[in-house]
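Got a structure for you, written out below as structure tokens; questions coming shortly.
Note that the chains are named A, B, C, D and E in the order they appear, and that numbering of residues resets to 1 at the start of each chain.
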Amino acid sequence: KDPAPRPPLVLAAASTQEAMTEAAEAWAAQGHLKPTLSFAGSGALARQIATGAPADLFVSADSRWMDWVEGNVSLRHGTRDIVATNTLVLIAPKDSDAAFPEGGDWAKALDGGRLAIADPVAVPAGRYGKASLISIGAWDEVKDHVAQTADVRAALALVSRGDAPLGIVYGSDAIADEGVKVVGRFPDESHAPITYPIAIPDRSTATDAEGFRKFLLSPEGQSIFEKYGFGPPPLSGEPHEAGDAASGDEEPEA
Amino acid sequence: MSFDIDLSVPRGRRTISVRIAPAAGITALFGPSGIGKTTVLDAVAGLVRPTSGHVRIGEATLFDAAAGIALPPEKRGCGYVFQDGRLFPHKSVRNNLLYGWNLVPEDRRFINLGEATEFLGIGALLDRSVRHLSGGEAQRVAIGRALLSGPRALLMDEPLSSLDADRRDGILRVIERIRDDLALPILYVSHDRAEVDRLASQVVELS
Amino acid sequence: MSFDIDLSVPRGRRTISVRIAPAAGITALFGPSGIGKTTVLDAVAGLVRPTSGHVRIGEATLFDAAAGIALPPEKRGCGYVFQDGRLFPHKSVRNNLLYGWNLVPEDRRFINLGEATEFLGIGALLDRSVRHLSGGEAQRVAIGRALLSGPRALLMDEPLSSLDADRRDGILRVIERIRDDLALPILYVSHDRAEVDRLASQVVELS
Amino acid sequence: MLSPAEWAIVGLSLKVAAAAIVLTLPIAFALAWLLARKRFYGRMLLDTLVHLPLVLPPVVTGWLLLLFFGAGGWGGRTLQALFGTTLMFRWTGAALAAGIMALPLMVRAIRLSLEAIDTRLETAARTLGASPLRAFASITLPLALPGIAAAVVLGFARSLGEFGATITFVSNVPDETRTLPLAIYTALQVPGAEASVTRLAIASVVLSLAALLVSEWLVRKGGRSYVL
Amino acid sequence: MLSPAEWAIVGLSLKVAAAAIVLTLPIAFALAWLLARKRFYGRMLLDTLVHLPLVLPPVVTGWLLLLFFGAGGWGGRTLQALFGTTLMFRWTGAALAAGIMALPLMVRAIRLSLEAIDTRLETAARTLGASPLRAFASITLPLALPGIAAAVVLGFARSLGEFGATITFVSNVPDETRTLPLAIYTALQVPGAEASVTRLAIASVVLSLAALLVSEWLVRKGGRSYVL
């Protein structure tokens, strides 16, 4: 076998950075080789895996990209799971007195400003956000007043600095930034389930990858995700997400 | 009108000093290579700044170290034929010739493009780039450019060095006419004794 | 050894043709400005390509249109003193002078740095940049550079045009010695009748 | 070929890149001239500042722009107070971001050309009666033309490709700040949208090829006509 | 000051940028020389190709590199077969990405210098016995020094700032491909990490200032010593 054991290379969506970093440290503290973590957008990581990059674990923020990877390279059988879920919230700057515009008076709530939201085409958070807005009947009103950002953190930063009066981000993002407050949570039914799929590519050679994957799914790993505002995997998804079955979170519109 | 020059210019480790008393006509600067002839012309034209002394043309003071006067080159009206040509490489022969002509008030012009190209023999070159002129052709364009700028004095640094005897003679005759008709003061650098003897009313030997 | 030249070079709208029969010593090229003297030297040096004819030095054929021979410049061994100097601006005077000297086999050198700087009077300039040399200083460095490259023939395009009579005389004496002692064929362009009469065993008039 | 929406993106990109160049070129020239010709206290500092947008990750540049021109920033407040306008989420902001990213390239190209000019030609012009300004306009400027053309090509290409600073500073607003790179990025984030990515990338390449051709032609014309 | 981990990032960035320059400089020179001196069929095409990394969004360049040098790509397979190595997730891949992004800037700078050289100086060297190669080495090359120095500075700065192509091509692996911009990006993902972002950004600026100073000094020395 491998003469010098190599730590697993984990490609993880940037939005999981803090939780994954802490999890890797906790895992290493148990006497294992510390996993090497590479953070980038889910799409970039998926493409890297699809071209045959020697990655040992993929943590995606988007089930579509996991599906896409699965369609391009084989994943190790039985390793695809959901490691975490998330919620979608409306945020405002900390000192703002804005409230969730329940009655649909979004224009008033925005007051000429823009609604910061990750790109509804490119970024999962934006896609969920748009779906929710459509579902509660607000999309037509706000669609010309959105500021689309390249990722969720940029939307968060816009609100945090007061350059946008409102923003839609993940619950996990909102608790990480002291400059914003949550003014409301979008109902779970208003968007597809927000899941973080995890899987080991078949060509992985690191021995520890499966151990680390199990650790993430273990109560100890899950408590770390919870600490950073993520929710637990859905009960229906346990223990394994169906191998190549189309995942349930289809887009509300094409 | 005539030059009244007394100046000192530092050049590398040496200092070049010259005194030229007012004298009508052409003053020839004579002296071995590297002695400082070009430096003196540069100082008169305002391209290098003497440490002391003065430069006057007739009543006009171009430079006076003591009085703190130093006119910029464009205010001195010195038509300078450089030793190294310095034609504008991005302009045609015509536009090189007309460069100063277009800038000078009409009443100071004393020659026009046709006359200049005629006696310099460069009429056929007008639309060419100056990049591919022969040595003597470039020299003649440089002379024309200086004359057409309507100068109040001429500084000529070996203007005829690469011209044949016939051309030289023709141009010398024009210079003499300019000297006589317009009474322009002329500082003339040449190594050719015959040329100097023919032209100069005063020879200043640098050493 | 001597030149045997017969060539035609197109230049703009004209064609410049010249025939130079073999003759020992110095051949002077004479003719009005713009007639094509520099072009002929360029063709002999291999910098422009004639459309027809040949260039020979003694037994060696440098160029023969019919035979398809055209040696590159570095194989021709022609020491060329350009009309416009062409000193290397990024090198010191010394390194300009030694450029060809370092490239030529030892047995072809016929002068060394000390001798060259001596008769050219440029010993004090050796460590200076060539950018700020006076006109005549640059001309002397160019002559030295060509001689130090150990050429088998010399092409000199108005090499003395901006030098004073004394310098000129000293350099002419060296050229005569080179002609006599080394029997180098020399093509010499000058507008100075006296110079030509003194040096040349053959005068070729271009027209 | 391109869809109408894609044509609109190409049009927007052209507008942004053109505005960026028009805005930046005089500034780049002035900076290049200072750096090439003047020796002053703080010259190296200015040189470093000019290179800043090149060294910093584009996202950081965008972030600094956001801090400065955002609603709370000094520049943003000033613009709001003086003109009642903002650069945020506007194509003008995208042009500013593109211009700033292009600046170091443009300054360097112009500077190289300026440094290659023989200043004795300018003094020759002065002896012929040209004021410093006219000598500059008639001698320095045309002789710097190769560098200016290179600056325009480099700057235009850089503007067309600018992504990180733009999306950070002015976000990704369709028809306002969604230039070609942002549209390409958006498409790249969607699995299987490679066809659209390819079409848009080809549009970028064609635009820059056109810019190249125009600039080479201008330089050649400028070099041949001697009108300048 | 910087933490040990941050120093390691600075070291890695330097290594990547240095390798990128060393790799790219000769290629950039060759391309600049071709474009400046030769007229050949397909010249405009080559010129456009050279500009490509500038026009395309960096992410697209990274993606193309990924396609070509990935395990399935032609380049990746060749590297694997010939040297048993890969560029993926390796600092060598980061250097390649940085070098390719820097290429257009470097080519243009060198080309401007080459075009400003009076070719008659090279023919003068030939008449003094220099072969074309020696004339090139002793005349053309040193006279192109300002452009080469500018190319190194621009290329180095661009390499230090390169983000999009790198993260797309070789991911964001600590100690291997996490250069300064990627570290800054990573820090930016954590709210409140502005202090770390600022430190890393300042490190970038200091590095490029150092590069600037060294290059200006080299050019001035080269211009003064006449040794070249």
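Going forward, a residue touches a chain if its C-beta (ideal position, glycine included) is under 8 Å from a C-beta of that chain, and two chains touch if they have at least 3 such contacts.
Computed from a predicted model, the values in this text were never measured in an experiment.
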{"item": "Mutual neighbours - chains that touch chain B and chain C alike", "value": "none"}
{"item": "Steps needed, at fewest, to go from chain B to chain D via touching chains", "value": "1"}
{"item": "Top-ranked pair of chains - ranking by C-beta pairs in contact", "value": "D-E"}
{"item": "Chain of greatest Cα-centre distance to chain E", "value": "B"}
{"item": "Centre distance in Å when chain A and chain D are each reduced to the mean of their C-alpha atoms", "value": "36"}
{"item": "Cα-centroid distance, chain A relative to chain B, in whole angstrom", "value": "79"}
{"item": "Geometric centre distance via CA averages, chain E-chain C, whole Å", "value": "44"}
{"item": "Contacts with 2+ other chains: residues of chain E", "value": "59, 63, 188"}
{"item": "Residues within chain B bordering two or more other chains", "value": "84"}
{"item": "Touching two or more other chains - residue numbers and ranges from chain A", "value": "157"}
{"item": "Inter-chain touch pairs (all)", "value": "A-D, A-E, B-C, B-D, C-E, D-E"}
{"item": "Parts of chain E lying in touch with chain D, wherever the complex brings them together", "value": "44, 47-48, 51-52, 54-60, 63, 104-105, 108-109, 111-113, 115-116, 146-147, 150, 153-154, 157-158, 160-161, 163-164, 180-181, 184-185, 188, 197, 201, 204-205, 207-209, 212-213, 216"}
{"item": "Touch list for chain E against partner chain C, complex", "value": "120-121, 123-132, 134, 138-139, 142-143, 145, 222-223, 226, 228"}
{"item": "Complex interface listing, chain B residues touching chain D", "value": "45-47, 72-74, 76-80, 82, 84, 86, 88-92, 95, 99-100, 103-104, 129, 145-146, 149-150"}
{"item": "Parts of chain A lying in touch with chain E, wherever the complex brings them together", "value": "9, 11, 14-15, 17-18, 36-40, 44-45, 47-48, 51-55, 153, 156-157, 160, 173, 176-179"}
{"item": "Residue numbers on chain B that touch chain C, as the complex places them", "value": "12, 31-34, 38, 83-84, 128, 132-137, 139-140, 157-158, 161-168, 191, 193"}
